Amino acid sequence: MATLPLMDDRTAPSDSRAVFDDIRTRRQTDYVNNFWRALAHDPALLRATWERLNAVMAPGALDPLVKELIYIAVSTANGCGYCVHSHTAAARAKGMTPDQHAELLAVIGMASQTNALATALQVSVDDQFKA
Amino acid sequence: MATLPLMDDRTAPSDSRAVFDDIRTRRQTDYVNNFWRALAHDPALLRATWERLNAVMAPGALDPLVKELIYIAVSTANGCGYCVHSHTAAARAKGMTPDQHAELLAVIGMASQTNALATALQVSVDDQFKA
Amino acid sequence: MATLPLMDDRTAPSDSRAVFDDIRTRRQTDYVNNFWRALAHDPALLRATWERLNAVMAPGALDPLVKELIYIAVSTANGCGYCVHSHTAAARAKGMTPDQHAELLAVIGMASQTNALATALQVSVDDQFKA
Amino acid sequence: MATLPLMDDRTAPSDSRAVFDDIRTRRQTDYVNNFWRALAHDPALLRATWERLNAVMAPGALDPLVKELIYIAVSTANGCGYCVHSHTAAARAKGMTPDQHAELLAVIGMASQTNALATALQVSVDDQFKA
Amino acid sequence: MATLPLMDDRTAPSDSRAVFDDIRTRRQTDYVNNFWRALAHDPALLRATWERLNAVMAPGALDPLVKELIYIAVSTANGCGYCVHSHTAAARAKGMTPDQHAELLAVIGMASQTNALATALQVSVDDQFKA
Amino acid sequence: MATLPLMDDRTAPSDSRAVFDDIRTRRQTDYVNNFWRALAHDPALLRATWERLNAVMAPGALDPLVKELIYIAVSTANGCGYCVHSHTAAARAKGMTPDQHAELLAVIGMASQTNALATALQVSVDDQFKA
């Protein structure tokens, strides 16, 4: 599957190859995963996405593992199978334990349920929740 | 708005009033927010939802604040305005700082963007991401 | 709110007014709700939507009330507040009892939860579920 | 695929095996489908989900088949392929006829269309639809 | 996969075969793609969907290629992999260039990001944006 | 509503005020809409979002109006009311005619319907649609 063929070092434009190299360096692996290889058709989009991802996911007020958990949560709610797979792998690489994974799943399930109930009930926002 | 009128201590069935009391006790506040007051039409659903929420959001392998951040992320992706409001307030009550909130927003925005790109590209899952 | 002003009998094009009249006749009420008044800017889309709705929601292998419950379920999952409101009202007009409404909410909540869990787990479809 | 390996009677923790046994007993089949086998990594989540599902889907004010139709509708709108497959199979097992399936699809399609139109038009909720 | 077996000229009811023939004539190809073959179980839904699609996608105030781009955008946001694949192919057949595809992806990604931010911030609509 | 108070020139940090000024200059208006005023709590996110938006929406292989139509389509499918309002206004400012708006709505409605049908049917992707 894919709506565009995956590129590799031979077929990618040189600007995209440079991003592949940056991915390899920062991640300390030879492997460039399929998402980046599909984006490589558009070097500008590839670079903008890769650089912004690094800025956003860097350590800051939130721990990098917490950011991965949030990423999995969003990807699940958006129904992106690729993203659920890749960020679950990334979270494990950053130390997510089986117990943390289990609690993440429980929270995602709970939130999805109360989201649906609040929407079906069309509950008005309480004044004290407004900024 | 609302597809059912909000109940209060006078109008709620006694089984729902008992849940209201439990909410007040556990949260140490007199205030019962609209979500529970709308659910109160069905005491069984109200109780099941409230008890499961407490079990899921309790401290465990993940910090309660981290669980609230995940809840906000799911609620945002599901487009539940009520839930975004109530869980942002809950996260603040549990100590979320402005910097943490800002980083949460950035991760949610980033994930939403790459979710859409991966879906538009229909990227196949890399073998190494599979369990 | 609205991205287009709501039309009425004075401002709507004559082809849309004819649909308004048909709505009134079939529903035996003078009231034309806001959805149709917003669609009236495009008489062709208004007519196509109204006629298809009548065909789809007519009694058939499924009871009209069951169809309204399904409509509420889809509208909730799609996060359409207007639709949740209007079809909950329609379901009540077709006889939905408070107990039926409560069970509908419980099923919607349950499905939303297991949908999220199955997506977060990326479970493969069992062979025996395939047609 | 899957972000966690599917468990079976040999690999599942004993608390999860007990749920597998309950699934077999209640469903009168030896087969435990993949969803439960993936959830088995977390016996507490497995049991809570299975028990709540049985409570929610039991006969009540709504017929069990109607509940399955609603489940399919939510699963479709949430884009959960696994859930669409498993609950379509469940609906057939509970007697869904081809004509009922066809009408279900037509209602889901219709609702999805008008949901999108109401959202694109940002139609305000009519006062008479409010509870 | 599929929740219903795909039909072909031998297995489809005659009313559905007539639609297959119309698809072949209008598209000047012998190939009938899987979507229509799955819908063929319900000749009425097949015909209504096919005819409405032709009316909506015909040249008008918007160019047919622009309509395909919009179709891809909606299909991506709704997470419909089949639809993303089929309408990306259709857009290419109507002349979509690689540069246009790349810009389409960038806009879809950008919109998904700001959609999430606006929802997480629960920003009120500016008066001047209201019709 | 809003989960953060809207900022203005007095309350915004100076880095955010600089972005407000850039918005005013590029758009040739004094008005800074609520989305940017809510984002102003985080000058880095505000700047990154504003600059990327300008790059993505600039004239290129696709016309700026076409990009706005795509933006509306994504925002509708994601259920972002704020975004539907603001980009419908932007599209009008860029010359969207009532007929173009009407056709946009018809395509969004059609796509939403067939997205749901393809998902409910779980149709497999035709080989010829794969890149």
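List of remarks:
Order of writing sets the labels: A, B, C, D, E and F. Residues in every chain begin at 1.
Going forward, contacts are C-beta pairs under 8 Å (C-beta built on N, C-alpha and C of every residue); 3 or more make two chains touch, one makes a residue touch a chain.
Because the structure is predicted, anything quoted here is derived from the model rather than measured.
Looking at chain D and chain E, the chains that touch each of them are A, B, C, F. The most distant chain from chain A, with centres taken as the mean of CA atoms, is C. Residue numbering shows that chain C and chain E use the same positions for more than half of their mutual interface.
Chain A and chain F, compared by their mean Cα positions, are separated by 21 Å.
Separating the CA-averaged centres of chain D and chain F is a span of 34 Å. In this assembly, the C-alpha centroid of chain A lies 26 Å from the C-alpha centroid of chain E.
Residue positions of chain F with contacts to 2 or more other chains are 1-4, 45, 49, 52, 74, 76-81, 84-85, 88, 102, 104-106, 108-117, 119-122, 125, 130. The touch graph of the protein chains shown is complete. Here chain F touches chain B in the complex through residues 1, 3-4, 41-42, 44-45, 49, 74, 78-80, going by the rule given at the top. Residues 79, 81, 84-85, 88, 98, 101-102, 105-106, 109, 116 of chain B are the ones that touch chain F when the two sit in their complex. Put simply, chain D touches chain C in their complex at residues 1-4, 6, 31, 33-35, 38-39, 45, 49, 52-53, 56-57, 60-62, 66-67, 69-71, 73-83, 85-89, 97, 99-100, 102-104, 106-126, 128-130. Residues 72, 76-77, 79, 81, 84-85, 104-105, 108-117, 119-122 of chain A are the ones touching chain C in the complex.
On the side of chain E, the complex with chain C involves touching residues 1-5, 48, 52, 55, 125, 130-131.
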